[in-house]
Structure formats: structure tokens, C-alpha cells
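By written order: A, B, C and D. Residues from 1 in each chain.
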Amino acid sequence: MKKLINDTADVVSEALVGIGAAHADLLRVDLDKKTIMRADGPIQGKVALISGGGSGHEPMHGGYVGMGMLDAACAGEVFTSPTPDQMEAATKAVDGGAGVLHIVKNYTGDVMNFEMGAELCQAEGIAVEAVVINDDVAVQDSLYTAGRRGVGTTVLAEKLCGAAAERGDDLQAVANLCRKVNDQGRSMGMALTSCTVPAAGKPTFELGPNEMEIGIGIHGEPGRERMELKSAREIVAMMSEAILSDLPFESGDQVIALVNGMGGTPLIELYLIYNELNQICQARGITIARQLVGNYITSLEMAGFSITLLRADEEMLVLWDAPVHTPALRWGV
Amino acid sequence: MKKLINDTADVVSEALVGIGAAHADLLRVDLDKKTIMRADGPIQGKVALISGGGSGHEPMHGGYVGMGMLDAACAGEVFTSPTPDQMEAATKAVDGGAGVLHIVKNYTGDVMNFEMGAELCQAEGIAVEAVVINDDVAVQDSLYTAGRRGVGTTVLAEKLCGAAAERGDDLQAVANLCRKVNDQGRSMGMALTSCTVPAAGKPTFELGPNEMEIGIGIHGEPGRERMELKSAREIVAMMSEAILSDLPFESGDQVIALVNGMGGTPLIELYLIYNELNQICQARGITIARQLVGNYITSLEMAGFSITLLRADEEMLVLWDAPVHTPALRWGV
Amino acid sequence: MISIENLLTWLIALQTTYLENKQYLTDLDAAIGDADHGINMERGFTAVKQKIEATDHNDVGSLLKITAMTLISTVGGASGPLYGTFFLRASTACARKTTLTNAELVNMFDVGLQGVVQRGKARLADKTMIDALTPALEAMTQALENGASLTNILQAGTDAAEHGMQQTIPMLAKKGRASYLGERSIGHQDPGATSSYLMLKTALDVWGNEET
Amino acid sequence: MISIENLLTWLIALQTTYLENKQYLTDLDAAIGDADHGINMERGFTAVKQKIEATDHNDVGSLLKITAMTLISTVGGASGPLYGTFFLRASTACARKTTLTNAELVNMFDVGLQGVVQRGKARLADKTMIDALTPALEAMTQALENGASLTNILQAGTDAAEHGMQQTIPMLAKKGRASYLGERSIGHQDPGATSSYLMLKTALDVWGNEET
């Protein structure tokens, strides 16, 4: 394992100190509770947004804390959900009296830990709503399973709901928007290489020199299918077909698109992929109204990418364009 | 070689189409001359800034085209300087009558190709100034050699000079500022892994499972020294010592710091590295007044990082804070 | 009769167990999960060991509650809330007790398991830790009813857990991270079922000699 | 006497040469540069081939100028401006000629080399292409003065270029990308010196038989 770290046990805390130091104007870091908070919070009267999850997906979530997006992000160990006491502390710290929305990615651990954290807060009279994001079309959905994973749509939900909270929407409205975003967002990922959890010390899986995994998760979970490496054109066609037919997206739809690198994919490849995606959407009469191309929800140093499409109405576009000021997303300010 | 591409011959053009499509509001792409230009250019009366170089360093330079930064970026093949006809066409396209500054990284190829491009334009009466950036302390400087490479300071120079041009400074002033930034900026890089040039099909160099290269270039050039992998703390100490003692930076200095990923390094590691750098600076009485942490000048999928420090006066900080609106850097707008 | 000292010995021995099996559990998790189960368990029980060694204990319930809260706040992931809930429920079944009879011990495990089921909503054959814990509880209850010794009760539970753990190999995962793999989850042993088996095995190892 | 056809044959043969040696030159560049020299040369001469095959030519100067401009606008890197300048200068030495005598041919190479030196500002033993070209020019000039045949002139140039190329191995690079390596550049053959040797070698191969 080759990593730029000191002790594997200290990776998360040292990175938290780093992000706090680099963005001292925006963020406050609670090292004890491994939580990143808006420096200017709590904002009285504003619905507060909290997300969190295992570390190793940077900039998610800590990079999305700030004006117009999250109020706090709880960081777990690498690829391990944070614990209920973190969510409890964060919820109390950011509550400005208008309630707190927990944006939770659908992984058993995240869901249960957030649930326990919310229960602790609700017991003390804080209004907490939780929305679980489950947008990964690589996983079959079913009532009897853990269901679909939460991936790229999380980033879009955090932006849009953050803007809604900022303009004064109440907790129910922000939570409903979050559910709507989740309902209309779909994602899928793939990998060329595995990643290595620092504490594990070796790659989570092995791929041959000519193999790729399709339908990969963001924690180095193997995908649904291993196959021979194909051209970017074929891969994007395959993945967008899975995404487009799932909602389904239709001619005339406007979408927000996220072409996301898993951490080890060069930006030149992501733009090449965006070109393929854009052509497919155009051919289907789907307009990419807004887009992000870059590393937004990563898996450490994994090479690979994911595509997220969100069917967006005019209100969502307005919320998308609203000012945001976080380490990873910034505009309008 | 595992890459998300189609034909190796088309990587650069397809990525250019992608960046043009993703940022159609900001950019215009000339596919024939492989040049990315501000959509709203040429700006009459404003000094225009051009940079360029081999591809594979994204977001540099195309990601820095836009208001407050570059007017055009010429893209060469991967790791290969663009050609004089590209610089000639770009210079003519962006000249708003106030002259054009070429920001050139000090590589033999880049310098010669820009030189020939500038000669062609000057022959037609366009005022062109060229500033060569050579900030890499890993390379010994000498009159009798190719001298130091241009690396991270290039990004800072493009931002600061772009802001100076935007506020109306004339060509001489912008060029002088660029020289000053180059004089006061120092960088050094290292790698954990090589990168693979698409057309070459295999890694440029091989590193053992416990080895690293110190003093690496941004084109997969081997560094000055290969050694056993050390802790992030030791690596940052070693690199900052080389940087700090070179200028030298002194107690009381204010700096702009860039902790830059080479393309395959996860952001969590870059923040951990920033923490180490920040502590070293603090201990020496050096204040990091502004900072960037992320992938800004990359080497395809190489794992590794570089540090750039620029001694900044108040004017530079003002220029740093001035609005910028490009694909990769955006604030104040 | 299980004393507080016996319980302490077990909880501390669990730290050794998960330290020794850290790589093994993590490798199992790498195959169908995210390669951290051993790391999670070791981190949790190392914290538990530190916590419970730092103070005196005279109430089984509060000892188990400390264990629960420590697991909940240090493990994270799926196993943190699940094992945390296991010990939290177990603690309520042992409130203000200083010793446990065999029946109380089996009841403690049973109440704990119910907590896991409620929290995780997994069903038998979903390929989770309850596929080890449920048969273990059945076997222990049976042994208890047959009037077996503590050693034999734990032996029965451990054997059943081991068998249940092995039975997870051919299962298609329906819960937890392995469920994302669909068919590809078949053929791999569930890491959580394995850590549950190890929990019982450790009890057998440390208590098996000390007859009641 | 070198005819325009002879020159065309050589320029087209260079495309084959650099295609065949693409990997070899790139590997040399990987050791002390950025692993693209073979790719650059092949790209450039493939473009040259396409360009010059598309039209008729009746002036050596303009044929060489087309070659120069094509190299300049397709190769990039260090070798693009250098070989581009080589052919641009060579073209001025051959303006409005339809054939070249041996002396004019050697002069063409010489003027081209001067252009490379002016553009690149490298000195002998800096470990660049001029370490192959300079001895080649000396040898060809000598052979010409001795009244040697075209074949022998080219043989002398090729041998000297090959020797010069080999001499770059122990050199410490002072120019180009290899200079960043300092001491570590020692022990590797310079890719540009190699492509220059191949340029002469190809001339020998295609012209060696056709005596003037």
C-alpha cells in the first residue's frame, strides 16, 4: 500500500485538521466528534442540513459544508458510517430552531447510525427529518433487501436542499424536496482499479490488466459484473442506457448531469466521458441544463467514474443556480 | 493500459469537445487549432493572456480560461507542447488591441514553440510578451542547462495576472507582475506511481511497491531521487525544506500555498498533507494567507503531489481575491 | 454462575479475538463488502477493553451498557449499531445483577439477538450475523432445557453458530452491503456471521472450564 | 545527383523508419524524458507523408518547406521546432532547385544543423540530437572533400551519427528534458540523437544504391 499518510489510525483526524486549516473562514471542525460545521452556524430560523458517512469520498461531505449547502458533515472512519453520538452532537450544534434534515445515503450502517442519532435528538425535542438517498441503478431495488445504494444524487440533493433551506423553506418543504430529488435522480458507477482502505493495507479487490467492474459502489464494493475493458463510448452507452431506462428519462426532459471521477481518474478522461454522455442525451432529446464534471463523490484513489442524471424542473434549476460557498462548490459569491 | 478513452489518437480532441460542451457558457473551443477561448472574447482594450502546453495536466490550462484568468489555452498532444501555429491563431483570436501575454512553462519544447508562435505574431504587428515560469526547485538552475521546470507557480501566475489584466493593467505591467510572481514562487513534486501516456500504452517509469520518486516533473519525468516511501510528515518536511530554503522564505512572510494532487491522489491525503505543510509554515513564522488544495496541475493518473509556495505582497492578495470565473477556479461571481 | 469477573474476562478476551481475527474478518468483508469488518470489530472492542478496565464494576447491567455505548460510538458501519444494540438490550435484561445463572445468560443472549433483529430487520437466510446467532440461541435454549452444564450450553451454541456461519456461504445476500452483489454474493462466508460465531467461541474458551 | 523524386522517396521512407522505431524511440525517451519522442516523430512524418503525397513537386526548396511547416505544426515538443527549423533552413538553401549535387546535399544538411543549433542553443556534449548531427556533418564534409561517392558520403555520415549517438550514453544531459535528471541522465542514449541517426541511416538506405 502506497499512501501519503502518517499512521493509518490518524488519517481521518489529520485530514479533518487540514480541511479546517485550509478553510478556516468557512468551517469549524469538532475533532472530538469528527464533524465539520459552518463557521457561522447555527443560523437562527434556518432549517439545518446534516449529512455524513464514511470518509474516503472527499470532497463529500465535508467539502459541501457552507452557505447554501450543508450545515454539518459527520465523518466516519474510512468507508465506515459515523456513529450516533456524532450525529447527535452535530444536530444539536447546528439546530437553529427550524429543525434539522439528515441526508443519509442508503447503506445499512449509515441508515442505522443516523436513525439512532435522530432518535437521541428527537427524544430531546429537536425536530429531525431524515431522507435516505438510494439512486444507484446498479443495484436491484426490492422491499426485501437493503435496496439501492445512495451515490451521486446525494451531492445534487445537498446543493438543492441547501439552497431551499437558505431561502427559508421549512423542514417539511426541504425534506419533501430532498425526496423529490431522490425520486428523480439515478446513478451508476464503474471501476478500472480497486481502492485500498488505509487500515486494510491492500486493495479491496483485484482486477486483471484488461478487466473492469461495472456497477461498482463507492466503498470499493465489487460491482454486479466484471467484464473486459471496453471503449469509453461503449461504457458510457451501457451505463447511460441503464440510467435512462430506469426512471425513465424521456425526450424533452431537462437534467442536471454529474460526471464524477472516483478519485484516480484524470480530468481529461472525465471530459471525454462527458462528451459521450452529452451526445447520447442529445440523441434522445434530453437537455443537459446544468452539469458538474470532476471528483465529487470519490472512493479514495479508485480509477473509474460514475454518471448521475437528475430530471430537473425549473425550480430545481433556480435552486441549483442559487449562491453556494463551500470548499468544493462555489458560485454566486 | 486501462483508460477511459476511445482511440488514443482522439483523446485530446474528444476531451476538448467535452470541456466545450460542459462549459458552453464560458468557453469556445477551436478544434482545428486545439484551443480553448473565452466565449466573450476578445475583450477590447484588455491585455489578453494565453497559456498552453501538453495535455494531461487538466484542469491546467483549459480549466483556467475565463473571466479574470486566461483568454485562451492551447492544448498539445498529451505531454507534448502545442505548435507555433496554434499559438499564432490563439494570439490573433484573443488580441483586444492591448497586446498579448504568453505564459510559458520552462520546457525546451514549450519555450521554442511559443517563441516561434510569438515571432509569427510580432511579424504581423501584434504586441506579444512572453514570461517563462521556472519554479521547480527539484531541478538545479544554471545558465548552461535547460534550467528549472515550470510547475505549480504557473497556476498562481495565471490567476494573479488574469486579475491584473482584468482591472486594466497594461501589457508591460502584467508581464512584470508575471515575472515577479515567478521570482517569488517555488515548487516541488513527488510521485508514488508513474502515469501512462495513452499513445505510449505503458507506464513511463516503474516504482517498486515501497518506493517513491522525489522531485518528479509533471510529464512523468523521473525525479532526481528514488527512495523508500516515508510518512507524509517526513515527505512534506523534506519537500518544504527544499522550497523554503531556496527563495528563501522567511519568518514574517505571507504566502499563497498550493497543495496540488498529481491526478491519482485522493483529496483526503491532500488535506492531510496541507495540515503538515501548515504546521511547518507556522513553526517558521510563515503565514499561509491563501490556499488551494486539490488537483490543479496534474500528470494524468499519477499518484503524488506537489507543493507551491508564493511569497505574496498585499497587492497579490488583492489580485488573488478578485473575481474569477473559469471551469476550475471560481469566486466572487 | 457467571460473575462480573467472568463477564469482564469475556469482554476483554473478545478484544484479543478480534485483534487476532482482524485480517480474517476484513478479508471476508473484502470479498462481499467493503473490507472493514475486522477493523471495525477490533476498534470497537479495543475501546471497550480500555473503557471497562479503567473502572470497577459491580453491576452486570451497567457493565454491558458501557460496552454497548462504547461499541455504538466507536464501531460505526452496520456492525456498530447491531452489536451495540445487542449489548444495550442485553444490559436491560441484566440490570442490577451481580451474577448470572445459566438461564439468565441464555436469556441475555436472546434479548440481545431480538435487538439485532429489530434494528437490522434482517430475516433468516438473508446472509447476516443473525444466521449464526439464531441457531446458536436455539441450541443454547435446547441445552439449557436439557439441564446441560455451562460448558455444554456454550459448546452447543458455538457449534450451532459455526454451522450457521458456514451455512451463509451458499446464501444470496438480501441485507447489508453484500446484497448489492446479487448473485455474486453466493459462495462467500458472511463476515458478521463469523464475528458472531467468534463471540460465542470466545465465551466457550474463557468460561468452558469454570463450571457452575 | 539527388532528384526531387529521390528526396520524396527519402521523406516518405522516414515515415516508415519512425513508425518502425516508434516504440524504440519512445522507450529511450521514457528513461530520461517523457516517453513521447517516437510518438512525436511518427506523428510528424506521417503528416509529412500525407502532405507531400497529395501534390506534385518541382522545387526542392518548396518540398522541404512543406516538410518543415508540417513538422512544426504537428510534432510539438522539443523535436518539432528543432526538426522543423532543420528543414526550414534546409529549404532556404535549396530554393528553386530541382536537383542537388553531393555538395549541395551536404550543404543542405549543414545549414539545417546550424538552424537546430540556433534554435536549441545546445552545445556539443549536452546530450542532444546535435551530438549525432555534428559529427555526421563533419564526416560528410570530409568525405565530400575527399571526392567520395554519395553512398560513401552517406555511409560516413551515418557511421559518425551512430557513433555520436552512442557517445551520448555516458553524457550528463544539459539541455532538454533529460537535464532535469542531473546525474541520473548518465547511462542512457539520447532519443533525439537516435532519431537524427535514423534520419541519416534512412538516406543511406534509400540513396545508397542510386549512384550519382
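The working rule: a residue touches a chain if its C-beta (ideal position, glycine included) is under 8 Å from a C-beta of that chain, and two chains touch if they have at least 3 such contacts.
The model shown is predicted, which means the values in this text are computed figures rather than measured ones.
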Fill in the blank from the handout: Note: chains that touch subunit B and subunit D both are none
Exercise for the section: Find the chain most remote from subunit D, comparing centres computed as mean CA coordinates. Expected result: C
Handout entry: Computed distance of Cα centres, subunit D from subunit C, in Å
Key = 75
Practice task
Take the average of all CA coordinates in subunit A, do the same for subunit C, and state the distance between these two points in whole angstrom.
Solution key: 32
Exercise for the section: Could you please state the distance in Å, as a whole number, between where the Cα atoms of subunit A are centred and where those of subunit B are centred? Expected result: 29
Problem - Whole-Å separation of chain centres (CA-atom averages), subunit B against subunit C - result: 54
Fill in the blank from the handout: Note: subunit B residues in touch with at least two other chains are 78
Practice task
Could you list the positions in subunit C whose residues touch two or more of the other chains?
Solution key: none
Practice task
Assign the assembly's chain-to-chain touch graph to one of these shapes: line, ring, star, complete, other.
Solution key: line
Handout entry: Touching pairs - complete list by chain label
Key = A-B, A-C, B-D
Handout entry: subunit D to subunit B touching residues, read off their complex
Key = 26, 30-36, 39-40, 43, 72-82, 84, 119-120, 123, 174-177, 179-182, 184
Practice task
Name, in rising order, each residue of subunit A that touches subunit B in their complex.
Solution key: 2-6, 11-12, 14-19, 21-22, 55-56, 58-59, 63, 78, 192-193, 209-210, 212, 229, 231-233, 235, 263-275, 278, 291, 293, 295, 298, 300-301, 303-305, 330-333
Practice task
Would you pull the subunit B residues touching subunit D in the complex into a rising list?
Solution key: 54, 76-86, 107-109, 112-113, 115-116, 136, 138-140, 142, 144-146, 149, 197, 199-200, 204-205, 217, 219-222, 224
